[in-house]
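For reference, chains read A, B, C and D in written order, and residue numbers begin at 1 within each chain.
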Amino acid sequence: MAAPKAIEPLAQQLSEAMAAIHHRGWCDGTGGNFSCVLQRNPLQLLMAPSGVPKGAVRPEELILVDGSGDVLRGQGRASAETLLHLAIVQHSGAGAVLHTHSQAGTLLSRHYSREKDGHGALELHDLEMLKGLEGIRTHACSVHLPVLANDQDLARLSMRATPMLADAPHGLLIAGHGLYAWGQGLPQAQRHLEILEFLLEQHWRQLLLQALKR
Amino acid sequence: MAAPKAIEPLAQQLSEAMAAIHHRGWCDGTGGNFSCVLQRNPLQLLMAPSGVPKGAVRPEELILVDGSGDVLRGQGRASAETLLHLAIVQHSGAGAVLHTHSQAGTLLSRHYSREKDGHGALELHDLEMLKGLEGIRTHACSVHLPVLANDQDLARLSMRATPMLADAPHGLLIAGHGLYAWGQGLPQAQRHLEILEFLLEQHWRQLLLQALKR
Amino acid sequence: MAAPKAIEPLAQQLSEAMAAIHHRGWCDGTGGNFSCVLQRNPLQLLMAPSGVPKGAVRPEELILVDGSGDVLRGQGRASAETLLHLAIVQHSGAGAVLHTHSQAGTLLSRHYSREKDGHGALELHDLEMLKGLEGIRTHACSVHLPVLANDQDLARLSMRATPMLADAPHGLLIAGHGLYAWGQGLPQAQRHLEILEFLLEQHWRQLLLQALKR
Amino acid sequence: MAAPKAIEPLAQQLSEAMAAIHHRGWCDGTGGNFSCVLQRNPLQLLMAPSGVPKGAVRPEELILVDGSGDVLRGQGRASAETLLHLAIVQHSGAGAVLHTHSQAGTLLSRHYSREKDGHGALELHDLEMLKGLEGIRTHACSVHLPVLANDQDLARLSMRATPMLADAPHGLLIAGHGLYAWGQGLPQAQRHLEILEFLLEQHWRQLLLQALKR
């Protein structure tokens, strides 16, 4: 079993990642949330408190939550979305989860949610950038990014997400809400986030271009 | 009654907020204006002087105006728009007002102003980001952002705005002009501004995407 | 007659303005050029040398040219476009000229150039941002931004531009090329540049939105 | 024969160029790669290692590869794309190669690749910005940016690219992948990159505008 990571350097890295993500316009207002596994056994998650602007959280303002989402250390509440962060780190093996509200993510998550039940998927294919997702070796492939209906009951939403986590391309969309991206550690999660956000913006432009050809 | 806030830290925060807002391209040229309540009784408003680029105003260059819009302290004139800032802090309970000229705000404020009288409204619904507006607990709601006809007579414009302030979602649009966003204090107003600007840009993309589906 | 301005502070301001303009993506590559009047009688213009990236010119790398466009001081050549800068400062009374290559400026300059002779105009109206242009007091007005055909013969291009300078709204477009904006001094020219670039980007979005309504 | 350039200043410049390129969103995730010729005889190329985010590579983390793509010095692997970098420096005379994954580059590289074989070309004409490409003196010209089909076999891709390098406008596109831009040295390559990325984004907007006119 790996020894618990020192909390200070991880908190510093997470705080810097959040500032960079806000700078790109992917977590405006108090949108988004971001977490890292500090230790696995028992599970401890370092994350931003709920209801604050995520681009200006200092390392010492991050909170520590346990596997049930209860705050172990730090000021402030844990977001209701903590349950989905926990489901992801428990079922995908991820060590970091980055949840953003970008323009393209919000737009396409709605566009591809089916009228019937709000679920759906977005297909991405034949793009070199797909190779930035762990495990993909060629552009000549097709990836399905799951879309889940939005739900304020996060226990129910997390339960719906769980069976999709193993096959999801290190990310999934919540309809009218945004993207969750994850990775083995924070650097991998940051890479997957940038790749998926790039691909979402690219897909939006492709929709425009295809419409022009008609 | 709350003691008056110290002027220096508030001036520092307002100056930094204005620089960040300019950095996003929401107050180009000499566009926009920004104010904070320093004290309520009698009312004193800290704000940027008129006719200067708002992204580079130093704390000591901010002016102090009274409840009639007269300059109590500082160099420079108060903008004619001070009257609308005052109406908002007096009738909505806001402690800070941020007025921006963004691309999406300008575009949609015109698009949704009725030909007849220039007034109108923009409906925002089913988006998680709505929860960033104080008082909203679920994405499953619908919010109407009022649009007022533009008017160089700010006393008249403020009078027209006043009855809308209690129900407005911490913001309103002036047609062909831009957004006013407010909040209990400066941090809340900044949050509401980022949320509303995000939702306006998102709405613009939704209009494009819906047109493609036809 | 005003005494000549000290060269160092003006060079510092011009260098900083150029860095900010590059940061916005308005002078990529070696595009654009930027000048300030150092003295009027005889005319001396401080400007960037030709063929260098304009966002990284240090104050001491700026050159000084006379009223004929000959270099009085400094390393490097004067751009052929110096002739148009000189025409503007001589015929509009401007003390600073900022020439940019933005996406919207390039696109619309082409769109509004007539097939016959390459000239044309772009109408801007009913926008509060117009009030950022010196001399405009209300949004309820209409402004025509002239478009000139592009020409590698800058003496001829400057001669064609000259009769338009008095009525132009502190700016004009060269087709497929970009924007010239000017003002009494550097701060006014920067304000006019931001205003005109905002209005060009806004006009582009209006064209998209109007097309959707059809 | 020119003496080999000192490695440290070149590494510093390349690291700074990569950070600036990431800042513009042209190499998200681990996308893109960037190289400079350190010496010609025998050939030594300074470049970023494979599989790392290119915006945060410190000068001492750059690797040195020889004319076969083998790592001479430094940690980390050379990207498979090193073969194309080498083909470019050997056949075009370039001293620096910058490979980006921008939104417009990715989109248009796909749009202009023929269904039959994936190859194609994108025509750029009548734009002043073309003059930022070495050797072009007037906007009144037409330039063809080659598009090659994407291929994970980089030896084969490089062989296909080689005959196009002499006539290419200091750049070429790989379909669904991105742009390669080059120049005599790093500053020229950076200039060509900014010019070509500007022209690609401009071309995308032109496609939208033309579709609206129909």
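Everything that follows uses one rule, which is that a contact is a pair of C-beta atoms (placed from the backbone, for glycine too) under 8 Å apart; a residue touches a chain by one contact, two chains touch by 3 or more.
Because the structure is a prediction, the values reported are computed rather than measured.
Enquirer: Going only through chains that touch each other, what is the minimum step count from chain A to chain C?
Expert: When the steps are counted carefully, the minimum from chain A to chain C is 2.
Enquirer: Same or different interface residues for chain B and chain C, judged by whether over half of the residue numbers are used by both?
Expert: Shared-number fraction below one half, so different.
Enquirer: Centre-to-centre on C-alpha atoms, which chain is most distant from chain A?
Expert: C
Enquirer: How many angstrom lie between the CA centroids of chain C and chain D, rounded to a whole number?
Expert: Using C-alpha averages as centres, the distance is 31 Å.
Enquirer: Any idea how many Å lie between the Cα centroids of chain B and chain D?
Expert: Those two chain centres are 44 Å apart.
Enquirer: What residues in chain D touch two or more of the other chains?
Expert: Chain D, residues with two or more chain partners: 208.
Enquirer: Contact residues on chain C for chain B in the complex?
Expert: 24, 126-129, 132, 137-140, 187, 190-192, 194-195, 197-198, 201-202, 205-206, 208-209, 212
Enquirer: Touching chain A in the complex: which residues of chain D?
Expert: 25, 28-31, 53, 101, 103, 106-107, 110-111, 150, 152, 174, 176-178, 204, 207-208, 211
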